[in-house]
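Look at the two complexes coming up: subunit A is in both, with subunit B in one and subunit C in the other.
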Partner chain A sequence: MPFSNLFAASRISGSGMSAERLRMEVIANNIANANSTKSANGGPYRRQDVVFAEVLAEQAAGAKGGVQSLGGVKAVELVEDQSQLPRVFMPAHPDADAQGYVSMPNVHLPIEMVNLITATRAYEANLKAAQAFRQMNEQALTLLRG
Partner chain B sequence: MKNDMDTNAFGLGTLTHVMTTAGLRHRVIAQNIANVNTPHYKRLEVSFGAELTRALRSEGGSATPFPAPQVVEVPGPERVDGNTVDIDREMSEVTKNALLYQAAVQIMASRISTLRSAITGR
Partner chain C sequence: MALEPLGAIGNLGTLGRMPALNPQVESGQPTAGTFANMLNGLLDGQRTANTNANEAITQLATGEAQDLHSVSLAVAQAELSFRMILEMRNRLTEAYQEVMRMQV
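Entry: the complex of A and B
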């Protein structure tokens, strides 16, 4: 068994946890910017989404399904939600257009909350897998005791 | 048993194989859990149980080399995003697999302690 495989399971669970954490950060950023009418790109803030992709570690044979090819998950990109921005009538607002309407960010709190729950649960699942791995290794180490 | 000191003496070879495979299965389940939110991810599984049973039942029993476990994609019901991971199932698989590993470790520990008392004669 190659030595690098020894802690592959914790690496995989760790990648899952950091990916879910990133998703939580993005959700928190969306909620924090729920009322930002100015963003780096000019217009109002648009809600962001993380795109996840499976990681298959480099393998000499190049064949998928091999033992070493499991590498967990990673966040590949951050995409902006291009759905329509709600318009609110606020003539006194500095970003109001000629008709007095302001384009608000397309952040919807219920959607963000549901995504946050999913991310939290997925994080816990990864944590549980990491704990099981630790427990298994501790048991194997008891074999060394005389 | 034909020759007592073959590689599978006292069933240690079988137990080692069970532990190695449980370790691999844990990696595969961890991969499934890590990818629970990856679109179009198909869940992986270790196919091993059937092969081991066949190897153990075959003529010569322990002398037969154990088959290498295979990691395979299994078809299953897809979610809207094309992902086939069922998180509840994976969580119960983690527990089941850890218990299997624990069982193998404990049997091995008791075999080793038997061996040790035979060697020391106490």
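Entry: the complex of A and C
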């Protein structure tokens, strides 16, 4: 694919946008499960965080002996927040312990909201980078015009 | 004395012997294929970008698309590469017409 290197910047921005989109999903999942006392691995839901890593793509053969090129970002894992779970007194709740306390998820809405704004802004930044790249290309094309 | 620096221009004559600049003279056979190859390479790239954009749009229409921005990026890439081809074609046509208008 001869054009793949030409549009590397746009591919990198795309990977950034995909990553931020995943972060958005994780935050939405945290907010949705802010009151879930049951989860897949038993116990109450724990808030999740996404871990990103830089990607170095192997450049196509023939280009300076397989030199590493920039490949953007990718999400490597989802980690659970191991902070303490708040305990709420609800004796009637089916998940209540002997003392009548229920462990609630450690999701704090203000934190999630701030993360949400950060994810939105980071997405916007990637979008802006893609737009700037496109604009640069268009300006370069004007060289061909008489 | 004042013209002495211009003597360096004489070295430019060696440029004509550089194989990269006039391969057809060196090899003695026409290399008409190279320009066509280059154009074909560009067109291939455009075709790939176009196919990618088409696939992305199809995936969006069928609900298989993972995210909207990759579709938008694929379409933007196809548009940009197409416009590059278009500009080059315009430029080539212009050059051809320029030659045709030449007085003989």
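Keep in mind that, in the parts below, the second predicted complex is superposed on the first by the 132 of 146 C-alpha atoms of A that agree within 3 Å, B and C clash if a C-alpha of one lies under 4 Å from a C-alpha of the other, contacts with A are read in each partner's own complex, and residues count from 1 in each chain.
The working rule: a contact is a pair of C-beta atoms (placed from the backbone, for glycine too) under 8 Å apart; a residue touches a chain by one contact, two chains touch by 3 or more.
Computed from a prediction, not measured in an experiment: that's the story for all the values here.
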Clash or fit, subunit B versus subunit C on superposed subunit A: fit
Which superposed partner A:Q135 touches (first subunit B, second subunit C, both, neither): first
Which superposed partner A:A9 touches (first subunit B, second subunit C, both, neither): first
Superposed model, subunit A: greater residue contact from subunit B or subunit C: B
Touched partner set for A:Q99, first subunit B, second subunit C, both or neither: neither
Touched partner set for A:Q84, first subunit B, second subunit C, both or neither: neither
Contacts of A:F52 with subunit B and subunit C, given as first, second, both or neither: first
Which superposed partner A:L144 touches (first subunit B, second subunit C, both, neither): second
Angle at subunit A between subunit B and subunit C, C-alpha centres, nearest 10 degrees: 30
Partner chain in contact with A:R21 - subunit B first, subunit C second, else both or neither: second
Lowest inter-chain C-alpha distance for subunit C and subunit B in the superposed arrangement, angstrom: 5
Footprint overlap on subunit A, where subunit B in one structure and subunit C in the other make contact: 1, 13, 130, 146
Interfacial residue positions of subunit B with respect to subunit A in the complex: 19-20, 22-24, 26-31, 33-39, 41, 44, 70-73, 87, 90-91, 94-95, 97-98, 101-102, 105-106, 108-109, 112, 116
Subunit A residues touching subunit C - in the complex, by the definition given at the top: 1-3, 6-7, 10-11, 13-14, 17-18, 21, 127, 130, 134, 137-138, 141, 144-146
Of subunit A, residues touching subunit B in the complex: 1, 5, 8-9, 12-13, 15-16, 19-20, 23, 51-54, 65-67, 69-73, 118-119, 121-122, 125-126, 128-130, 132-133, 135-136, 139-140, 142-143, 146
Subunit A-touching residues of subunit C, taken from the complex the two chains share: 41-42, 44-46, 48-49, 66-67, 69-70, 73, 76-77, 80-81, 83-84, 87-88, 90-91, 94
